[in-house]
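The chains carry the letters A, B and C, assigned in the order they are written, with residues numbered from 1 in each.
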């Protein structure tokens, strides 16, 4: 099983109003090819920060105390901005939580979609445009050519998130990091997006790191799951294993809380 | 820091006449246009009047006009914005449309026009400045009320049968005071500026009364030879405006 | 978009009407009539003058005549400078004031944008602090004080620039600078605040996550969004320049429209005051209207309605 991404002992500190805090304390996990890994934990445990660290998108004032992130044979944690720019959007894609806020309101959809692929793959405008339209169809948007000419405010929330996915996937990255991608969406749309992720894994050989606080999401589409608590990964197992026999007390608590809410 | 400057100016304003020992309109013709000296700390103007005292009096007038104008704007703004926000619906629409149209009139031009018509003197300046200066405050008040109207404690009050007036005064306004205070702190310098501007153009306070703007106006033609006559009141105007702006900025945080 | 345009046009109409009416009634409210101050005049001459100027008619008729005259573009005649019509005054003074205003506007816009963008980009650094100081001073120190100060320093004491009057390029520098100070500070403040806000948005995060270089993120994504609110304020800024020009022209003895207005105020030359004020107001309101239209074209959320 070849490891696509390996994170070892990642520790991060941030200067905040209350002094120095350590939101990540020795995070370690790995990502294999063709799998969807869920990263679950309660708010404030450091999951978003972990995701952002993959692409060096830390908040200002962050300091890496220790650790390494191995991707494609090199430690990308200390790469310069210029070198990271080659990876972002190109080899590793990322999407965020609220699609209503993550698209530039004054730029056409088409321009935003093609920007990345024209930069990274040096495609001329016409080819980039075609590729963008193809991806819009792949993520389930009808009339892609029409949508390319529209502005974000003309699309619904679900559509915007699909556009985001297309935008992240257009350069065919090997890894997609999704930070709470369904939290801001309706339940029905949620289900569609999760199916979309599975399609990306199967048909495009993309591995997905899926950050969420919702066990239902994990159950629905993840192969493996990582449980995070207070800056550390405390449990890592397959989805069946977690639901059947959670190891840590924290995971057990999460599951029982979920079970008492579930009707089934 | 703004408070410090303002505080210094206010103290100066109250203590100086007694310190200098001169009346603000006492004329000493033999000592015209003197530079600042140990006898006349800020020098004298072209009628031999002590500038130190006049600046102190100017402080009173300029600040008086500024503060009262701002307060009048506050009252009108509270009423207009409060009613519009509370009533909602058509009344709100109409009231705000009227305010919009009034807002689109160029403020200073209208103020100048009004001053011409109303003549000089403190009352007319106050009327001129406040006639259209309340609109910004009204907008802020209305905005806040619209925001807070939906809060649970307002619904609770309504359910208990409180009247509109009561809700407005006891619940909404006290909770809205933040932005209102900030706006007030920024209305004051604009009122002071308007007064100085008008006086500088010769429309406002007239001699022998002295506001800083009037004094600056009188100092202008003499700038080449007696620059202190222009620059001392000018510095005071700037410092006062600066201090209010600083306070306003700090409050915004 | 069309609705937006129509609404703005309607507002313009109402405002123009309002200012015309306001001016008329204010002038009528002045006690006495313009001729009462002239030295003892024979009663029949007085009446003849009143009749000539149509001032003996009932007020609503005067109001109607006034409106009709306005629509024809006739702004009346000066009382002080006999024979000179207000339109002539405008023709002589406006080009001067306009060029001063435009120069000041250019300085304010370029300086303000530069300062604001620099401050936001280097937030917390010394550039930011310096810029904030400049902005604060620009907003607090009234333009006529800056003007006097500049005049004193650079014209009287150091003779770098001419003291007053108009004519060559160097004549324009000090006045334009003093006029531009306040608007520049304002633009800088707005730009900085707006850019800081934009730089914190999620779509900027997305742009970075796509691997776009920092410069592209700033120029293609951040600035266009940050500058939109600034555009909508341009109309107000023009008002500041316009009004500021009265005082600046007075200090520098520039033969522009502002000086005419100030003088006519001192002379109580009411028709001129009215005419000039009206002229200024109309110009201002039309420019604000045009700026609003331009904004409508720039902001896609207004340009293209949501047709879901």
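Remarks
Here is the rule we use: a residue touches a chain if its C-beta (ideal position, glycine included) is under 8 Å from a C-beta of that chain, and two chains touch if they have at least 3 such contacts.
Fair warning: this is a prediction, and the values are worked out from it, not measured in the lab.
Chain-to-chain contact here is organised linearly: an open path runs through the chains from one end to the other.
If you tally contacting C-beta pairs for each pair of chains, B-C comes out on top. With respect to subunit B, maximal separation of chain centres occurs for A (centres as means of Cα atoms).
The most central chain, judged by the distance from its Cα centroid to the centroid of all protein Cα atoms shown, is C. In this assembly, the C-alpha centroid of subunit A lies 54 Å from the C-alpha centroid of subunit B.
Averaging Cα coordinates per chain places subunit B and subunit C 22 Å apart. Chain centres here are Cα means. That of subunit A falls 51 Å from that of subunit C.
Those residues of subunit B lying in contact with subunit C across their complex are 100-102, 104-110, 112-114, 116-117, 189, 193, 196-197, 200-203, 216, 220, 223-224, 227, 230-231, 234, 237-238, 241-242, 245-246, 249.
Those residues of subunit A lying in contact with subunit C across their complex are 55, 57, 81-82, 84-90, 93-94, 96, 98, 101-108, 115-116, 119-120, 150-151, 153-156, 164, 167-168. Per the touch definition, subunit C reaches subunit B in the complex via residues 11, 14-15, 18-19, 22-23, 26-27, 29-30, 136-137, 139-142, 144-145, 148-149, 151-152, 156, 239, 242-243, 246-247, 250-251, 261-262, 265-266, 268, 270, 273, 277, 280-281, 284-285, 288. Here subunit C touches subunit A in the complex through residues 201-203, 205-214, 220-221, 224-225, 228, 299-301, 304, 306-308, going by the rule given at the top.
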